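What follows is a pair of complexes built around chain A, which joins chain B in one and chain C in the other.
Then we have the complex of A and B:
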C-alpha cells in the first residue's frame, strides 16, 4: 500500500493544522491537551504495530511506556540530567524489557497471551510500586526538570514542548508508515491473517513477532520518555494495567491495523476524558460505558469503517 | 514455630478464597471460552452488597446469600445481552468486561463512598480455636471449610451429575450436543451464573479479613488470573493447586519481603509459564 494522493493530502492538512492551531487558539489548556494527544499517539501507534498489524494484543504495553519513562527519571535523579542520555536510556530500557516480554509471552497464544502480558506488565508495576527506596513507590519520582536540547536551548513552556512532541510524533508516524508498507510489514499482516500459511511459506514467524515486539517497545519507550519530560514527574500509574487497557481500547476504537486509527482514537479518548472531567466526577462510569459502547458498536474501528465505506463508494 | 503455622493457615485460607473465585472463572473460561475480567468487579460489588445486608440484618449468612444471588443475576444479564454476541473473540470480551468493571467500581463509589469498610465476622467465629497450645483464628478455618465444601460440590456437579455430563459434552463438541437435544445456551448461562454467584459470595466471605475498599476489584482479579495461569485454564484441580500456592506465596512474601511483596507473587508465575506455557494442569489445545 503506497501513500495515495488523498492520504498524502490528508496528512499535509493535518500537519498544517497542527502547526497553525496553537497560534490560532492561544490557550495554555488546549496546547497542553494537544501535547498529551501527541505523546499518547506515539504510545498507541507503537501498540498498533503489535496489536493491530501483527495481531498480538498485549495488555502489558504500559510497562514499556512507563519503563522508558522511569529509566529516564531514574537517570535524571541518580546520574545526569542530559536529555540525550535520558532518551538513550529510556528507549534502550524499553527495548530490553520488550525483548524479555517477547521471549516469555510469545510462547503463548490467544487468551494465554492476554493473561501473560497482563502479568508481565504487573511485574514491572510491582517493582516500581514496591521498591520505594529506589523508585519512590506510589509517590512516584518528581523533579525531572525541563530537558535541555542544547546548553542554552531549554524545552520549557507549553508551546516549545508542543512542537518538540509534534516533531517526535511525525517521526514515529513516518517510521510506522515505513514499517507497515515494507515487505516486513506485509509479513506481519500475513501472520495476523493466517499464521500457519506464513509459516509454511518458509518465514520464521517467531523472529518476525519478536522483532516487531522489540520495535514496538522501542517506540513505546520513546513515548514514555517524552511523557516523563513533559510532566517533570513519573508515577506507577504510567505502568498500570489501566493504562495498558486504555491504549488497547484506543487502538480498537480508532481502527487496528490502520495508520491513522490510533491517532483518531487517542484524540477522541483524551478529549472525552478531559471534557467529562470538567463536568462530572463520574468519569470512571463514562470511561466504562465508552469501553462497552466501543466493543458493542465500533469493534471494527472508526478509521477501518470509514475506509471500507470509501472503498465501497469508489468501486460502486 | 507456632507463628509459622498461623502464617501458613492464613495463606491457605486466603488461597481458599482465591480458589472460590478462580474455580468460577476457570470454568467459564474453560467451558465457554469467555474471558470475563468483570470477576473482580463482581467480588467488590458483592462485598458492598454484603456490607448493606449486614447493616440492615446483621446476618452474615444472609449477606452471603443475597450477594451471591444479586451478582448471579448481574452475571446472567451480562452473558445474555453482551457476551453472547462475542463468542470466541477474547480481545473484545476482555475490553468489554474491563469496561463493566469500571462501571461497577463507579457505582460502588457512588453508593457506598470511598472509605474502606469492614464486614463483621459472625459472632460464633470471633474467638480462636485452641488445638493444644496454639490458638487458631476460627474465621480462617471457616473459610477453609467453605472452600473445601464448594470445591467438592463443584467436582461432584461436574463429574457425577447429569448436568455436569451435559456441560462436558457441550464443551467437547457443541454441535453434536445441540443435535442430541441439549440446550447448550441455557447450560452456558447456568455455568456463568454459578461463577458470578461464587464471586459475589466471596466478596462477603473475604470482607472480614481483606476489607472492602475501592481498588480491591483489580487486586483480586489479578490474583485470580495468576491462579488460573499457574494452574491452567479450565482445570478445577489446577485452580485448587494454583490458589494454595499463590495464597501461601502471597502470605509468606508479605511477611519475609515486605517491600517486594507484590513481586513475589508475579515472579513464580512468570517462571512457571516460561517452563510450561499452559500452566501446571492445563491441557494444551
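Then we have the complex of A and C:
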C-alpha cells in the first residue's frame, strides 16, 4: 500500500529524465512536445481519479478542462492579466462546473452516466461555441499573452514554461498519489469494485462520488488554465467531445486506476500523434491499432498489465 | 442477572410489494439483545426481502423498522451501519479483485472516523491495520492476507462474508444463509463459529439447513407466502404440524 522501492526508483528516474532531457536535446520542437505531454497528463490524471479509481467514466471531462481554460482567458480579456487570478478563476470555475455536473450525472450509472456526461460536456461546448460576443465563438479567444509569475519573471519561451508545467505536473501527480493511497482512495476503489456491497459497510456512496468528481474537476481546471497560458489562446476544441474521448481512451490505454497509467498513455498518444503524423497522414489508424491491441491483449492497460506481470514474477 | 430486555431489532407490520406482488405482508417480530433469531421458510417466502428492509436496501411499502429503539424505517443503509447493524449476503458479495486485507479494511474503515481521510495513507492507520490482523489471526487466515479474494476457495469466501460483517464491530448481525453451498465439514465449522460469537451480539439468521437452524436458534420465525406463520422456541416449531406440511407438501401424503 506504500510506494514501493521500485516505484520510487521509477519516479526518480523519470524526474531526472524530465529535468535533463530538454538540455540534452535542445530542440524547441521536442520541448514543446514534452510540455504538451505534461499538461495533458495533468488532465488525464484528473480523469483517472474519476474514471479509473472510482469507475465513473466521464465523457464530458474536457468541459472542465476547457471551462478552466476559458475562465482564465475571459478573465485576461475582460479584467486582469494576473496569472494568480487566472489560476484562481480557472480552478474555481472548473470546480463549480464539476459540482453541477456531479449533481446531475450521479443520478445515473453505467452507460447512462456516459450519455449524460456527453450531454453535459456538449452543453458547455455549445455555450462556448455559440456565445460569440462573449467567448469569441469558433474563433476562440486570442491574446491571453504570456503571464507574469512575478513582476519580472515572465512565463515565456519554451524552457521556462516547460519547467513551470513540470512543477505543476509533479504537484498533481503527488496529490493523486496521496489521495489514492489514503482511506478515501481505498473507498473509491471499493465503490468501483462493488458499489452495492459498499453501501452496507457504512459509506455514503453519493458523497464520495460527489467529492471525487469535484476534486477531479479542480485538477482538470488547473490543467486547462496551464494549457490556456501555454497556447496564449483558447478555442472551443478545448471543450470538445473529441478531447474528452481522447482523454478517456488515454486512461484506458495507459492503465485505469494506476498512478502511472495516464502518464504513460499520454506520452504514447501525444508522441504517436506528432511523430507518426510526420511520416504518414494515417496517424489515427496507428492510434486505432494501438487501442485495439490494448483491449485485446492488455485489458487493464499498459501499466496495469505490466504491474500484474511484475507481481506474478515476484510472488512466483 | 435479570437485566431488562433491550430490543435490538423490532419490525412492526412490515409489508412490501413488488409491482402488485405481495412479497411481505404484516410481518412483526422482535429480536432482543443477544438473541439468536432464525428465520426459516420455503423459497420465495420473503426472507431475503425482509433482510433488505431491515438493512435499508429497499424501503417498505408499509410498516416500521426499529434498531435499538430508533425508528430506522427510512434511514439509508450507511446510517443503519452506524447504528451497529451489518449483514452478509446469500450469494457471496465481496470485492473479488481486491486482496483479503483490503476487503476487511473496507469493512473496518466504514465505521471508523478515518473513512473520509485523504491526506494520510492507509499505512499510517495503525489501529485499523492491527484490527484487521487480529481478525485474520482469529480466523486462521493470515496466509491469505495479500491474496485476491477471487482466488480463495468458496468455503473461505463464505467465512470472509462473515468476517466482513463482524470486523466493523456490529452489534446486530444479519446472516443470510451462512452455510449455503458449503460441504458438510465446512457447514460444521461455520456452525461452531456462529455458536462461538459474542453472546451480547444479536443475530438474525436465515437458514435452510434445518439441523443448523435448530442448533442455532433461541427463537424461530417461520415465514410463508410473505406472512409470519409461527414464532416460538425451536421445540415448539419442531412440533408444529403446519410447518411440516409446508416443507413436505400440503397434500398430507407424507406423514412421518
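Here, the second predicted complex is superposed on the first by the 299 of 316 C-alpha atoms of A that agree within 3 Å, B and C clash if a C-alpha of one lies under 4 Å from a C-alpha of the other, contacts with A are read in each partner's own complex, and residues count from 1 in each chain.
Here, a residue touches a chain if its C-beta (ideal position, glycine included) is under 8 Å from a C-beta of that chain, and two chains touch if they have at least 3 such contacts.
A quick note: this is a predicted structure, and the numbers were derived from the prediction, not measured.
**Student:** May I ask you to name which of chain B and chain C touches more residues of chain A?
**Tutor:** More residues of chain A are touched by B.
**Student:** Would you check which partner chain A:57 touches, where first means chain B only, second means chain C only, and both and neither mean what they say?
**Tutor:** first
**Student:** Which partner does A:174 contact after superposing on A: first (chain B), second (chain C), both, neither?
**Tutor:** neither
**Student:** What is the contact status of A:79 with respect to chain B (first) and chain C (second): first, second, both, or neither?
**Tutor:** So A:79 meets neither chain B nor chain C here.
**Student:** Which of the two partners, first being chain B and second being chain C, lies in contact with A:200: first, second, both, or neither?
**Tutor:** The answer is second: A:200 touches chain C but not chain B.
**Student:** For A:182, using the defined touch cut-off, is the partner it touches chain B, chain C, both, or neither? Pick first, second, both or neither.
**Tutor:** A:182 contacts chain C only, not chain B.
**Student:** I'd like to know which partner A:290 touches here: chain B for first, chain C for second, both or neither.
**Tutor:** After superposition on chain A, A:290 lies in contact with chain B alone.
**Student:** Is A:190 touching the first partner chain B, the second partner chain C, both, or neither of them?
**Tutor:** After superposing on A, A:190 lies in contact with chain C but is clear of chain B.
**Student:** Same chain A residues contacting chain B and chain C, which ones?
**Tutor:** none
**Student:** Which of the residues in chain A end up touching chain C in this complex?
**Tutor:** Contact set of chain A toward chain C: 1-2, 178-179, 181-187, 189-190, 193-194, 196-205.
**Student:** Over in the complex, which chain A residues touch chain B? Could you list them?
**Tutor:** Its residues touching chain B are 57, 59, 103-104, 107-108, 110-112, 114-116, 118-120, 122-123, 125-127, 129-133, 241-242, 245, 248-249, 252, 282, 284-285, 287-292, 294-296, 299.
**Student:** Within their complex, state which residues of chain C touch chain A.
**Tutor:** Residues in contact with chain A: 55, 57, 76-78, 81-82, 86-87, 89, 93-98, 102, 105-107, 109-112, 114-123, 125, 164, 168.
**Student:** Which of the residues in chain B come into contact with chain A in the complex?
**Tutor:** 29, 33, 35, 82, 85-86, 90-92, 94-96, 98-107, 109-110, 218, 222, 225-226, 228-229, 233, 259-263, 265-267, 269-270, 273-274, 277-278
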